[in-house]
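In what comes next, chain A is part of two complexes: it sits with chain B in the first one and with chain C in the second one.
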Partner chain A sequence: MGNMHRMILQKLNIAVMARVAIALFLATVLAQHVAVAAEKKVLKIAFRAAETGFDPQRIEDRYSVGICENFFDSLLTYDWLALPVKLVPQIVDKVPEGEEGGTRFTFHLKPGIFFADDPAFNGKRRELVAKDMEYAIKRFRDPVNRSPYSWLFEDKIVGFDEFVDAAKKNDKYDYDKPIEGIQVLDKYTISFKLRAPDYNFLYFFAMPIVVPVAREVIETYAADTMAHPVGTGPYILKEWVRRSKIVLERNPGYRGHVLNTQYANPDDPWDNDAVKALTGKRLPLIDRIEISPIEEEQPRFLAFMNREHDYIEETPFAFISQLLPLGKLAPAMLKRQVRVQRTEEPEITWDAFNMDDPIVGGYKPENVAFRRALILAHDRSQEVNIIRRGQASATMSPIPPGVVGYDPNFKAEDQEYNLPRAKALLDMFGYVDKDGDGWRDMPDGRPIILQFKYRANEQEGRQIAELWVKCMSAIGIRMTTVAVQFADLLKDRKVGKFQMSNLAWIADYPDGQNFLQLLYGPNTNISNDARFKLPEYDRLYSAALKLPDGPERSKLYREMNRLIVAYAPWRLGVNRTFSQFINPWVLGYKKHPILYTAFKYLDIDVPAQQASLEQ
Partner chain B sequence: MSAAFMNTPSTAPAAPLHQPSPGLWMLAWRRLKHDKVGMVSLAVVIIFLLMMVGSYTGLIAKNWSKEAGVSYANPSFMAGAENLEAVRTKADPNAIKIEPVDLSDIDPLAPRYKEWAERTAKIKTTETPRAETLPFGGDKWGRDVLQKAIKGAETSIFVGLFAALFAVFIGTTLGAISGYMGGKIGDLLEWFYNVFTSIPYILLILAFAAVFASSPQLAAYKGVPMVVAILAFTGWTGIYRLIRSEYIKHASREYVKAAQAIGASNSRRMFVHILPNVSHVCLVQLSQHVVQFIKAEVILSYLGLGVPVDSVSWGTMLAEAQSELVIGKWWQLAAAGISMAILVTAFSMLTDSLRDALDPKIK
Partner chain C sequence: MGAYVLRRLWQMIPTLAGVMLLIFVLFNWVGGDPALVLAGKITNKDQIENIRKQLGVDQPAYVQLGYFAFEVATGFTCTWKSYTDKAEPPKLDAKTPGSAADSATKAKANSGCQAVRSWATNEEVPKILTTRITPTLTIMIPVLILETLLGVILAIGVAYARGTLTDRMIMMICTVAMSVSFLVYIIVAQYIFGFQLGWFPVQGWSDSFWKNITYYAPLPIALAVFVGLAPALRLYRSFFLDEINNEYVRTARAKGVPEKTVMMKHVLRNAMIPILTNIGIALPGIFVGSFLLETFFSIPGLGREILVAVNRSDFPVIKAATVYLAMVTMIINLLVDVLYKAVDPRVTFK
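Right, the complex of A and B next:
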């Protein structure tokens, strides 16, 4: 055998050798795959970024949080099919109504929900109780956890801030000490009292990080809670090789769930597929999920093309014209019966002006005119078509589609590219060339040199800056650019050390308030990077906070949108559209706007999967 | 300097002849003339330098930033090929007509709406149609990559040349002082040199870039001057070492002692007597570093620390080309890559030939 091999190899040229090697490799992989798949439904996919870990109260990146959706059950969740998204109970009996004017929310846990088995429970089955939720909420502000989401519960629940202050003073974070606003009324009931009405408080309880955890587990694995997620959800962590492999397996003790088809849209083929594939079945159906974080775009794309992965989500824009030329599936994809699902994410991008800046800031008519002129001169269609390769649409208001409060009929003409209007506005307010150097100056004669800060090491950031410089020079305004490291950029923006910069925000929860808070005056130095402080806007914002979703609140949102367009602290950017490509054997696939993973609602046609791999 | 040169051949070991005769430079030139590779390289380098001057003065590639073509316009010789990227930019979104929101009750500009509209009506804009093809293809904005490569050459060669000049200046000055003086000063400079070389090169560049970026006084020189300074401040070490060793060697030679005997000062001995005799080393180092810095500029720009976004260099072109290659738009990579390869190769060959010509003993 060995001899024969050598003889063959000597005769073949390199290219053929390579082909043989690949074929042998594929054969081996295939054999393994088939052997495993024969017994189980196995799903293999990639994530576009590495995870950090699975301690829900310690993480913030989408990918880790997305995996936690499968280990833990949040009290509430989103209906899988309803659009716009709808809050539904997950492990509580119903979505609570806000009591006491929207300041009290009481949850009743369903009895008989058990945590996945774990050595920390000493061989006993451990039932989920209200105290577990209280413990998890307290963990958010335990300094040990350094939770990136501690702000959710700051200045929110009665007595919590005082509890944290006392803990700081005594140098002991005492989990046994009660908090006035978090009352465990009985084994299954927990009630929260808020300082001020907040109808979005309920959304917190649909976040996959605001989930009950068992104190025994956290204390047993105190040294590495990231690697020991023990929850009540459909999956458990089977294997974890940090930053390279995450394997989930079905939780054998899981109670099971079904697909609610009540809100399915009969005109949506994806909904119909999901209904057809999953109705009447006890979910989950997938036995094992293997996730490989692959940060490089090309290998992630090739893994899908080589059928190593069952679907690819958020396909890199660079490959879109290969898979989806002119918006239609490429012939090669059609032949493979691959389907594409395109989703507009609940996120926006924008370019912020620093409202405290002596050149671009200010609220006087001439300041407003200057910003508005810059916006009118900025050719956003080039950002959409060239920088985002057509995989985005120009946004018209700070609230993106798919988020409560989004208004499809809101069109801001003053955010549309219009060179003559821009020039006319600058001329009208005296922003003309005064010193004869060919560039426009301030009405008082100061020269204008704008500065745009962007993220270094990233082509997209550079292109956005390039577009601005180009557009500004077209109206005679000089602009320089500075590239800074991402961490520094975040820091600079927080403290207002910038003039103009590009930013993005993705919904934490699907309410417009999550976006409108980005311009709320008191949020300066927290999330209001533009440092926008307009009393009228702040008044509307506070008023909207006290209202439940409805026409009255929508009206306030619209008013705020109008103020944003009029005072122009932002140049509104784009809503990106991501494409998901799904192999035909994956059944019931749907990309949810807020929830990140679909494993709980998927099925696989195993014979078709194997047949394709054998091809 | 050349006058000083003509006086020294009799004492300088590098000059071999005793007859009243052509000087070192003339001899070197004669040797170089016989080196075909050297001459061709020299011609190429001169062409590139002329190109740089031409583009700097605006004689060529003046309109490089003009967006004459469609996005990723095909090269003329590929006129018929499908260009999916451009189709998209032309496509008209069939958006439903929505009435724009009325701001007049809250808009601080509302009182002047009428005047604004009148002024707008007076401003005319003409839109020139974009070409489907460009001579050597277009980049994402529809700019001609050939002109871009020429403009990019200007930046890259400028950076390479001036950074090398500065680096040679720093390295030679410090090397001369250290090698000639020795003692405490020499030790001090050696320490300084060691500190610089102990830091990994890229890290050192990043550190300098950070210092430049954070200092308000220096921030005014952002862009190309900053790149030149960073490269010069980080790249002088090798030159320093070579020059220092040359000076140690020369300091004890007879001609230097003779100069001392007739009362030449230290600085005169260092820079009038010894320097011409080691200048061939400087020259070779200079051309070597030009090549090195052109490549370093590419790396810097690739990392986003290089030239500003509104100018173009080969580095920024290559950085852009990285993502273009996947979608089959190879021309920007080709334009930047080929011109850079030609210049760098020619410069390296020329350096070799210069070394051979200037220092025949090595040959």
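Right, the complex of A and C next:
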């Protein structure tokens, strides 16, 4: 009886102990799970426009391109801290030197770099090889892809144009057919031979669209390559609700990298913060990134204010006065320890004259004087202070700050507002009121009625047009405005069916040539919407293409700037200044002038983030 | 009734053909050249021509119209192949990962046809419509139900109390409420209730229906109901007043029928005919959603999608949405007509 009792007790004890053990085990697992979940670093932000997709060779919008920075590795990139921007190798051993007079560039890929895992690879790890880069370059000219950046490789690489022509002729774009100027020398080496020297060619290989892609991935997902970005970068696409939610997660197979602090500026607090937060750490540090495209300004702003988002970039101008009254952080922001970084973007705006137009165009002294008078009468400070709410500065040259070739000492006095001088110029060249109707006429007596075309349903464009009308009225010039649908406006500009219109350009790569090409004569009907054709300018442009960055090329750029101001095909606009507001738990933040996203250089102080959210 | 429904269905075909012709004319002659929008910042003639060829906009108008009709009928496009497409069709075998919608297109894709796709994003247009309709309905169905219920209840109340201070006050509030733009309500409410008071999230959407309906949707729904209620209340009140002033109501009251029975049985039933007509007119709108609400509250619905498509000149999406709306409108009109019979047995189908 006693033994049985003892046995029953033992069994009971064993049962109880087993239950306790299981409970403890489960509690431990649960606690670990909770701890892991709690420690997971999640970044939430908004984009101010919707993305289109993530096939690097098929996209153009900066938001899609910005996301692609995280999926794909370009051969070169920009040092995160260096200013002015500096090209550095990313997945190649070094930045190649231009050989054969700047017509040959050879890249050596680092071995052992792998694509993110994907079913297209049939369960095997797929190493990056030089042929992937060759394939990607060929994709730019494949008509099926309708690549918006096909122009990068037009009239550029030896044999490429002939390859495309033959494909058209034979009705087959054959990726296996070699191109003379694209040579895969071995598994990891690719060499490009150019038709003519182009030292900016290297910049192409730092663009997040000029990145190697795996042919088997593209062919597997041929029906929708936009939704299947498979690269060698630090993040993978985890979830995508188009135009609503983009979720990135850390690529588990990513090799990792460390922050290069060589070019950090010790006087720059943003550099110091980044160095302090990231030095010695294996990047990337953030596990998950959730991006919401929010087109409307208020919800984007309020989502940041509500701490739903960790930072806000390109803060809408309408809310700047609330956050930065008189240029200083508002007390509420200071209390929240929010930081602000203000950056001048590598972009410009301008108002173009159609140089083929019989009234505003032409190259004769009276034509030039007329355009100059219009420019002198246009009060740009009103655009800066009222339309842009003080978040811009008047630009002095077509090359914006932060771009190689920018000359801070170049002053365009003929673009400064000067009403008496404008009137005097018009009077001097015979643009006076000849029929007594109160408005000025052409020297031959024809009436002047200028027309400004802008994009319909765009408030900014309408305000810019209205400012022109007001300013022209002040010198007795009649002007009308026409709102045109976007597609029609593009067409009108391309075929020269306009008199004046407002435009903007964001740097594709940080060299002045990317902006100066906008007035290169042969680019008429391509990108030179002003239809400016000045042989001297074209000669200088062609000569500059053949030179590397240096004093000799800077001299040519300066001379081109001078010609632009002198002939006045453009009324130079503004350089916009954007403000980025960052919550204190976001570490290492710094807005790069060219790279659009900063995810792989960020860290999050999770306890601080959670404490703030609980408030 | 069966013959009536069949006849109405038959009549939809020429109506839809008319709608399609109108859309086609509008987009092809007024809509501008989409190739220029898609070509990018730096373009040349060859590239524009290539894009035009791929989109099929280089074809004669009658050919384009024929293809458009085929696309509407099948959801697939089987033409406009560029020369490279002829090289080899996409290899879509059973192992290819993809969504259900992708799988459904495999057979067609292998035979050279593919689903109609967005020009801007290359996403399948049928998939766009089917995935965006759920968030739209999540918002719009509660809005319609609440707006109708509250509108009818309040309208019958104020109609009964016609001429009193309450009636006048409510009508005045309705007039003021109707004078303010929906956009103002959204901006103010989002700021006050979302940000200042923190009662609701400022914006957002999730994968969970329950979270959406309880967390993200209440503020947009409340706003839409509030804004829609004022005109509905005024309109329904007038319907009730028309009925209250009829002789049969006076007769019923003279016979001593209880006031509750007069209002709820006789007046309400007769007033429901024009109310139903009004709901029928509003009903197609719930399948498109409010682009203002969806844009401001980041709801991935159809209204927002159409707005983005318009901004991008993404004609396949715009065309599909327009045809879809026309079809929904015709079907709902038919359903409403059939419902008349259920509400009022005196109605006969001819």
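Basically, the second predicted complex is superposed on the first by the 577 of 615 C-alpha atoms of A that agree within 3 Å, B and C clash if a C-alpha of one lies under 4 Å from a C-alpha of the other, contacts with A are read in each partner's own complex, and residues count from 1 in each chain.
In the analysis below, a contact is a pair of C-beta atoms (placed from the backbone, for glycine too) under 8 Å apart; a residue touches a chain by one contact, two chains touch by 3 or more.
All values derive from a computational prediction rather than experimental measurement.
Novice: Could you tell me if A:Leu490 is touching chain B, chain C, both of them or neither one (first, second, both, neither)?
Specialist: second
Novice: In the superposed arrangement, does A:Arg421 touch chain B (first), chain C (second), both or neither?
Specialist: first
Novice: After the superposition on A, what does A:Gln298 contact: first (chain B), second (chain C), both or neither?
Specialist: both
Novice: For A:Asp142, decide between first (touching chain B), second (touching chain C), both and neither.
Specialist: second
Novice: Looking at A:Ile386, would you say it contacts chain B, chain C, both, or neither? Reply first, second, both or neither.
Specialist: Once the two structures are laid over each other on A, A:Ile386 reaches chain B alone.
Novice: In the superposed arrangement, does A:Ala318 touch chain B (first), chain C (second), both or neither?
Specialist: After superposition on chain A, A:Ala318 lies in contact with chain B alone.
Novice: Now for A:Thr103: first (chain B), second (chain C), both, or neither, which partner does it touch?
Specialist: neither
Novice: From the superposed pair, tell me which chain A residues show up as contacts to chain B and also as contacts to chain C.
Specialist: 298
Novice: Would you tell me which residues of chain A are touching chain C in their complex?
Specialist: Result: residues 50, 52-53, 58, 60, 119, 142-144, 146-151, 154, 167-168, 171-174, 219-227, 241-245, 292, 294-296, 298-299, 302-303, 305-306, 308, 485-488, 490-491, 494, 505, 508, 523, 525-527 of chain A touch chain C.
Novice: Could you please specify the touching residues of chain B with respect to chain A in the complex?
Specialist: Spelled out, the residues of chain B in touch with chain A are 65, 71, 84-85, 87-89, 91, 93, 98-101, 103, 106-109, 112, 115-116, 119-125, 140-141, 213, 222, 303-305, 308-310, 319-320, 322-323, 326-327.
Novice: For the complex, which residues does chain C have touching chain A?
Specialist: Result: residues 31-34, 36-45, 47, 50-51, 53-54, 82-87, 90-92, 95-98, 102, 105, 109, 114, 120-124, 128, 187, 190-191, 194-195, 198, 201-205, 295-298, 300, 304-305, 308, 311, 313 of chain C touch chain A.
Novice: Which residues of chain A touch chain B once you look at their complex with the stated criterion?
Specialist: For chain A paired with chain B, touching residues are 298, 318-319, 321-322, 325-326, 363-365, 368-369, 372, 381-382, 385-386, 389-390, 393, 408-414, 418-421, 423-425, 427-428, 456-459, 462-463, 465-466, 469-470, 473, 479-484, 536, 561-563, 565-567.
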